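Two complexes come next, and they have one chain in common, subunit A, joined by subunit B in the first and subunit C in the second.
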Partner chain A sequence: MEKLLEIKNLKTYFYTDEGIVKAVDDVSLKINKGETMCIVGESGCGKSITAMSILRLIPNPPGRIEGGEIVFEGRDLLKLSEEEVRSIRGNEISMIFQEPMTSLNPVFTIGNQIIEAIMLHQNLSKKAAVEKAVEVLKLVGIPRADEIINAYPHELSGGMRQRVMIAMAMVCNPKLLIADEPTTALDVTIQAQILDLMRKLKEDTKTSIMLITHDLGVVAEMADYISVMYSGKIVEEAKVLELFKNPLHPYTSGLLASKPQIHIDKEKLYAIPGQVPSSFDLPKGCYFYPRCERAMDICEQCAPKLKQIHDGHYVACHLYGGEENE
Partner chain B sequence: MNDVILSVKRLKKYFPIRAGVFQRTVGFVKAVDDISLELKRGETLGLVGESGCGKSTTGRTILRLIEKTDGEVFFEGKDIYRLKREELRRLRPNMQIIFQDPYSSLNPRMTVGEIIGEALIEHKVADKNTVEDKVQEVLEMCGLSLFHMKRYPHEFSGGQRQRIGIARVLALKPKFIVCDEPVSALDVSIQSQIVNLLCELQQKFHFSYLFISHDLSVVKHISHRVGVMYLGSLVELADKKEIYTNPLHPYTQALLSAVPVADPTVQRVRNILEGDIPSPANPPKGCKFHTRCPYTKDICRAEVPEYKNVGNNHFVACHRIGR
Partner chain C sequence: MEIVRENRIEQKKEKILGPWQLAWIRLKRNRLAMVGLYVLIFMVSISILGPIISPYKMETIDLANISAPPSIAHPLGTDEVGRDILTRVMYAGRISLSVGIVAVFISVVIGSMIGAVSGYYSGIIDAIIMRIVDIFMCFPFLPLLLMIAAVMSDYKINPDYRIYVVMLIIGILSWPGLARIIRGQILSLREQEFIQAAEALGLRDRRKIFRHLLPNTFGSIIVSSTLGVGNAILTESVLSFLGLGVTPPTPSWGNMVNAVTDAYVFQFHPWRWMPPGICIFITVMAINLLGDGLRDAFDSKLKR
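Right, the complex of A and B next:
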């Protein structure tokens, strides 16, 4: 498989009055062409910040990318000028956000906002841009696209707004679509529609998708490859079937066991004890150590590195040997 | 065990829509439209539906936190809408609510001890001398420590705050609790802690829960019976097992098939619903679901289907069933 994007040792820190928050701490991952890569984790684990770092959308101050490389088609995005990054944003890499109401501008029509992106990136005339906008709205399954184009965001429902966001993101045929919790704010029946749409678009356009979510159900349905994050670090990554069948890290298996399943009956849910540690007060060794049921002495002392256990299955845990990831 | 603690009969709650200079009523949002249900002691009834279908309003109208438009609510045989203010107040400790958002339902200026203690003193469950012991007792039951009593809500994480909310309710020793999306704002690993806590407390104290949630997996885990709402009405209600294995209403079928399963080896046939939920201010005539239903016939557009028992205490409102 050909690599589209590779992140190497990314470090994104936030400098606050209370101290340094290592939101993304030495994260490496890659996204192959035509693949859906999912980042799973609980709130505050750094999954959104990883995505924002790719597009260099980290507000500075307080945030800063402190190190690492983000290689997209041979270029390091972190070394590009602001001008060059702008030509990539929305054109080659685009992003959809969780809350479609806050990411659409309420004072402009839907059409206006889509056309803006087209004209900015593709040098089309206004008329051609309008046609293209209608076409892309039809593509994402919006009925009466030629009327909706003149509607304002508040006139549309949540599911429709998310469709508009996807239309906007797809209009320049990006190579990578970053979707940050795209269905979290939606109802299940609408979520099913949107996930279905994303799958269809991926097949038709061969766009790679980086999907960020906390919902393991969504992951199981969408992902080819999964990275699990905990407190700013990747603790496990593997292909989707492998990860669900054979989760290695105690956090991953705990997460899978604690989710009630609609097709399985369980007497009692497993619960991971304790809470996610505060970013200001992280444990010295493995960040998961205080909550881990299989913790050993070494876990308290030194942080485990991400290691390959078998083909394409990486885990950062002292329970496993295996060769070290370079 | 099998006695009915709560009985709701044809409950309706309409919110007026006002417009114009004189704020004339131009229509109604039928948030709760003719709902009937019963809840037994020690039982959990799950109420599911999509946002805006009226599940929360149902919960609040049952507790008389907002006034009904029509219908009756019997709590232990008494119609709570016929009670006088003082009588209702005396009944309050028996029927409580746990809210979704643990951030906005706790007073930021009060310590946890005060938050829980206030309810105890207000309802004369404890006096000033015994209140501290009582608070300690419930905090421990909810998995919190004694030193937490002197802390303020902002010092806690989401899961801990939800525990405080539960402790506050638990302190009053209620018989019936409305749980309004109690785990929706929490992360998966914390969610299961709270769900387990609610289950344990129910076994210990025989609480009856009305568990409102949009998450069908959680509802399936915690409930004994499940009701499905669509646009203010119950479309189906049955035993948990029955409804998840043999859903009759097309909406329930679609809802269940839309839930993502956390197992990539499970291949499912999905029936994806078209379109959005209609506005509750202007619901479709006849069967409210007919605009999205794959089996719509003429009768669905014309007549409201009757909500009836099709055997085995399986209630459903659909023209396709029982004809």
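Right, the complex of A and C next:
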């Protein structure tokens, strides 16, 4: 399959008073055309920062992209001028945020905001833009789109607002849609509707989706391909079925084990012992070593590298050999 | 199927209220503020229409009728050269109100733009701008005004132009307060997700600041500028009273009250200084009531 976006050795650091936080540390990823790629991980493991780095939305200061390449259709986004990046944002790559309640400007009607996105990137007259806005609102399943277009954000429910956000993101037919926990703030039924909608849009428009989530249920439903992140690094990468059937990294199996299952009657859910290491004080070897149930001596000494175990299944763990790398 | 269901539930058409309409509804519930609004509308329309209807001109001198007490021909009497007080009070209203409004307009334009830029960019730009604001706020307001006004008098500036200079001075000296308020609001607004979303859409900084951030601060701009108009009218009155603002023959409420400095007029000709004084009082009071009402109306946290 054809590659749409490839991230090579991305490093995004934050320079704070307490020290340097390596929010994204040497991450490589790729997203194929028409595919859904999921990034999974605990809060604060660098999922969102990876996504923001793609659009170069890292607040600077304190954050800075220190190295690596983000190749989108043959162009390195990190080398483009601010002007060129702006023409890509919202047009070729667009983004949906986690919190639909605050992602819309409260003082404008939603029509206004969608039309703004259209007029910015497409040469359409105001009238054509209005028509297009109504059309895209209908596409995302908003009833009475021609009335709702004049509504203010506070008049809509969370699910409706998230639909509006998706409409805004999809209106310019982006090639890549980055969805940063799009369903976290929604209740479960709405969540299912939004996921359905995204899947349908993906099939209709052949848009690639980069989905950031910590909900493994969402992943199983949506993803073609999964990357598991831990403390700013990718620890495992595989096709969705492969990863669920055969998790290799102890962190991944821990995550899967801590997922509630409806047919198993358990008193208490499994939890990975320990806590995410502080970003200022990372262990020397494998970052997961202090919490790992299968840790070995070598894990304390040196960090494992990501390597291919089976076809398309990568893992960064010493359990699967790899001393020869060091 | 679910679309059909949603459709049925939302079938009854509800009126869509914008933030402005909501504020207006809340303002209408506030009696005191509405009294202020009506009084203000009354004062403004009298000032605009009065001089047109009045049979006298503001500079018509009637030496046969000097310092006449109120009568049918002159409802508020005449001054020391026989000019009709009522006409002059109405005309002075035009001057005082327009000084207030224009001065505040100038300060709002400067203050909100500088505040927005400062809050949006933060860092070094913010630091520089805020130090400039600090410097402006350190100026003793009144002495500085007096100084500029005295310089103006020394250069014999045409009295017709003096009112524009007064507007300009008050406007240029009163923006820092607003700039602070706007900066503070923009600082918190720019961290909101909708600004991040706007950036992810590929908007330019200019558009983000002036189209997405500033409109979110309109509430405070309106409140602060309404109250500012009252202050500017007072400042203008003070200056004119001291003979340094608008100077006769152009009337302003301030320089008309100046007549009171004569002990004889103070004691025996109250019709010469009371009407403009009362006008200042009523107008500024009305503006402050309205301003307070607007503050409550725009504050969404004060829902009842």
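Criterion: the second predicted complex is superposed on the first by the 315 of 326 C-alpha atoms of A that agree within 3 Å, B and C clash if a C-alpha of one lies under 4 Å from a C-alpha of the other, contacts with A are read in each partner's own complex, and residues count from 1 in each chain.
Quick note on the criterion: a contact is a pair of C-beta atoms (placed from the backbone, for glycine too) under 8 Å apart; a residue touches a chain by one contact, two chains touch by 3 or more.
Values in this document were obtained by computation on a predicted structure and should not be read as measured data.
Look at A:N150: by the touch rule set out above, it reaches subunit C but stays clear of subunit B. Within the superposed three-chain model, A:Q193 lies in touch with subunit B and with subunit C [touch as defined at top]. In the superposition on chain A, contact is made by A:H121 with subunit C only, not with subunit B.
In the three-chain superposition model, subunit A touches both subunit B and subunit C at residues 193. If you check the complex, the residues on subunit A that touch subunit C are 55, 57, 61, 85-91, 94-95, 97-99, 102-109, 116-117, 120-121, 141, 143-144, 147, 150-152, 155, 165, 168, 193.
Interface residues of subunit A, counted against subunit B in their complex, comprise 42-43, 157, 159-160, 187-193, 195-196, 214-221, 223, 240-241, 244-245, 254-256, 258-263, 266, 268-273, 275-276.
Touching subunit A in their complex are the following residues of subunit B: 50-51, 157, 159-160, 187-193, 195-196, 199, 214, 216-218, 220-221, 244, 254-266, 270, 272-273, 276-277. Across the complex, subunit C meets subunit A through its residues 2-3, 6-7, 10, 13, 16-19, 123, 192-194, 196-204, 212, 215-216, 218.
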